[in-house]
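I've put the structures underneath this note.
Heads up, the next two complexes both have chain A, just with different partners, chain B and then chain C.
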Partner chain A sequence: MSKQNYIRAFSHIKNHVVSLNGEYLYHDEALDFSEFIKRAYKSLDTSYSKFFKMDNLSKLAFLAADVLLEEVNSQEENIAIVLSNRASSLDTDRRHQNSIEDEANYYPSPAIFVYTLPNICIGEISIKHKLLSENSFFIFDHFNAAYLFDYAESLINTKKAGKVLCGWVDFDEENYEAFLYLVSDKGNRIHNKEEITRLYTL
Partner chain B sequence: MSKLKQELKEKIIEQLNLEDVSIEEIGDDDALFGDGLGLDSIDALELIVMLDKDYGIKLSDPKEGRKIFESIEVMANYIAANRTK
Partner chain C sequence: MGKVYLSYNNIVSSFGFDSQSAVGNIAKEISGLALIEDEKIFPEPFYSSMISSEKLAKVFSHLNQAEKYTRFEQMLLISLKEVIETSGIPLTDKVGLIISTTKGNIDVLDADSSFPKERAYLGALGKVVKDFFGFKNETIVLSNACVSGVLAVAVAKRYINQGKFDHVFIASGDLVTKFIISGFNSFQAMSNEPCRPYCKHRSGINIGEVAASVLVTSKADNLPPEAVLILGDASCNDANHISGPSRTGEGLVRSVSSALKEANIEVTEIDYISAHGTATSFNDEMEAIAFNRLGLSEVPLHSLKGYFGHTLGASGLLETIVGMHSLCQDTLFTSLGFSELGVSETLNVITRTTPEELKTFLKTASGFGGCNTAAIFQKVN
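== the complex of A and B ==
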């Protein structure tokens, strides 16, 4: 019989707000995403020298993961990462496309090109938190609590991971939304589809 | 030459997204990679694109970049001697 798992902590970044376990950490209404995420990064005293080189999707995923993992301060090294979104890396794909459209001015940027896959953001999180764990990135039409639940349970129950960082990180033009949560054998919120959906919609 | 060095510092900060670095902090002889500015392999590729796009210099062998990108001083000398635009 499978052990009961829990949602240890969760974070959101949406609508100009960074929150952890439902409490505001940073809020700035009047900013576009690039300025908002830069100020949030500085305000939250985050330390990662490559942050400003990341694309928008990676900045979003990285900061949502960082506030959560720093809070939990887990010694667990085997934290799998299972993320999902709708727009894949479309925002960066468009920027890359713009740089190669004009044959007479064909200068693709290596720094942009390396982010033309959505799972690169998992790499950024893994580097910062020294994780050498299982990871996956799924593309769905919308947030899919059932799929993430089954996947996280499977990773823990088959001992592929001790904990699982799950969630949704979507960036398309100026629309952005991150919801991450950590599944663990400890916590006070039961890990089930209903609770995941409830926290997502907070 | 000092104008070119200033221009290179501005371009490096802007194009490599060195958010927390100011022009004054980059010495002409400071190492750009390793312990200096801490640039990485993707930054090196960006600098190769910059040489082509802004100065008309095509590096046929990316390994050439190791010497050319040693410092602002070395870069500026190389660009001044080889630029086509």
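== the complex of A and C ==
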């Protein structure tokens, strides 16, 4: 039998709010995403200059992971990263497409093109927290607690990972939503589909 | 942990619409790369292996005439249909579907595409494939850069071992598009000749397109002769750079080590390596360093990019399927395009098609975002 795993902590970034375990860390109502995420980054005292060259999806995933991983000494742990969303990297895909659509105005850039993959945000989190671990990025039509649950359990049960940073990071047409949670052998909340769904909808 | 196998398989490529056509040409050292002149994709001619749209539409018309499917969907559906049919497995609620791709229907973003822009969502692609065949479970789309194809095998195995599924069908693919070629060209990564992995005279990558499908199953009855057992797999990030590999090959070393540990075998039991070998200077050098650190420098190795180019999210699965046939035929396939070692450490690059008794092979892949995946496969029959 596999051991019981727990959700040790969780973070949200949505509706102009950054929160950790349901508690507001930053809130600013009347801002577009790029200004909101920049001010959130500053107010949370995240000192990491590479943040400013990231695309919207990576900024969203990076900040949601950063507030969550504050809680653990991530560099000593084998923490896998399993993320998912609906829009893949389409926000940046559209930017790259705009740069090649018009022959008279053709300017594809490697700095943009590299972000036309959803898993680049996992790379950004891995670099910051020195996580040389399992990672995968799934695309679902909607938040899929069942598939995430089984995959995280599998990684821990087979000892491919000690902990799993899981969740949903979606950015599409200025709509943004991040919900990350850390699955661990310790914690207060049972790791099951119902609890994942409950925390997601908080 | 129960045993999990790779079973029935298909490759839709410039060589033809089944695995045999691809494997047969590889055995004869024939490349699928050709000079493509298509200004809608790129203003200059470029080397690639592309699937004839005419032939594709003709074959697809036998499958379906009622609805309109994109070129990419046609490739995936043709490929997956053969695997589902030859396996004879009914699509119950214990059967999963994984689609592995980096960009899917990205060409619908083009202004002149006749398809709605919503078709670019990978979830929409997942639904098209699910509905076409009548899968009971929601599609799992995996988009993890250039390791997607081989990582999909690991993901399928993990869901099977977790008890979620008995069988998983994987369909993988990526297209050659203006989107992709313009992007890789902006990196100055494109070669203006057929690519030459690990060679001193290499000058960059070619991008190619395929669709490749396989059945991953926990059932040992009803396996084809080329079936293999998945001994071990792992995926480790470099945590170093988003668009360049680690100079020490750290993520790849950890991936292979972890896969070996799960397989519970020594490096000496690896009969050959199907490596990533994109023919960029950084990638090939990183792999050479990693394989030397692992004690694998003497093991025969090839890259198949000289036959297909780099087929992105499909490459890992495509190359795994070719590896299954390589074991079945007891033949080492040539690393096409190679003439003289062009990396700083020793590698045993396969320079001619060689009959040899084979039992076990290692497949590796690396990609943007710092990802690496390794998987070890063993002959069943």
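Just so it is clear, the second predicted complex is superposed on the first by the 198 of 202 C-alpha atoms of A that agree within 3 Å, B and C clash if a C-alpha of one lies under 4 Å from a C-alpha of the other, contacts with A are read in each partner's own complex, and residues count from 1 in each chain.
Throughout what follows, a contact is a pair of C-beta atoms (placed from the backbone, for glycine too) under 8 Å apart; a residue touches a chain by one contact, two chains touch by 3 or more.
On a predicted model such as this, the values are computed, not experimentally measured, just so you know.
Student: With both structures lined up on chain A, is it a clash or a fit for chain B and chain C?
Tutor: Superposition result for chain B and chain C: fit.
Student: After lining up the shared chain so the two structures overlap, which partner does A:Lys38 touch, if you call chain B first and chain C second: first, second, both or neither?
Tutor: The first partner, chain B, only.
Student: Looking at chain A, does chain B or chain C touch a larger number of its residues?
Tutor: C
Student: Could you look at A:Ile122 and tell me whether it touches chain B, chain C, both or neither (first, second, both, neither)?
Tutor: Touch partner of A:Ile122: chain C, not chain B.
Student: Give the angle at the C-alpha centre of chain A formed by the C-alpha centres of chain B and chain C in the superposed arrangement, rounded to the nearest 10 degrees.
Tutor: Result: 80 degrees, to the nearest ten.
Student: Contacts for A:Asn144 in the overlay, against chain B (first) and chain C (second): which applies, first, second, both or neither?
Tutor: second
Student: Applying the document's definition of touch, where does A:Ser47 land relative to chain B and chain C: first, second, both, or neither?
Tutor: After superposing on A, A:Ser47 lies clear of both chain B and chain C.
Student: With both complexes overlaid on chain A, does A:Arg94 touch chain B (first), chain C (second), both or neither?
Tutor: A:Arg94 sits against chain C, while chain B stays out of touch.
Student: Contact-wise, after the overlay, does A:Val114 reach chain B, chain C, both or neither (first, second, both, neither)?
Tutor: both
Student: Just to confirm the geometry: in the superposition, how small does the C-alpha gap between chain B and chain C get, in angstrom?
Tutor: After superposing on chain A, chain B and chain C come no closer than 7 Å at C-alpha.
Student: Show which residues of chain A both chain B and chain C reach, each in its own complex.
Tutor: Of chain A, residues 108-110, 114 contact chain B in one complex and chain C in the other.
Student: Could you list, by residue number, the parts of chain B that touch chain A in their complex?
Tutor: Within the complex, chain B touches chain A at residues 16-20, 38, 40, 42-43, 45-46, 49, 52-53.
Student: Quick one: in the complex, what on chain A touches chain C?
Tutor: 81, 86-88, 90, 93-94, 96-97, 99-101, 106, 108-110, 113-114, 116-120, 122-124, 126-127, 129-141, 144, 147, 150-151, 153-155, 157-158, 160
Student: If we count contacts the way the header does, which residues on chain C are in touch with chain A in the complex?
Tutor: Touching chain A from chain C are residues 1, 102-103, 106, 109-111, 120-123, 126-127, 138, 140-145, 151, 155, 158-159, 161-162, 164, 178-179, 182-187, 234-243, 250-251, 254, 258, 262, 367-371.
Student: Going by the contact rule set out above, which residues of chain A touch chain B in the complex?
Tutor: Touch list, chain A to chain B: 38, 49-53, 107-111, 114.
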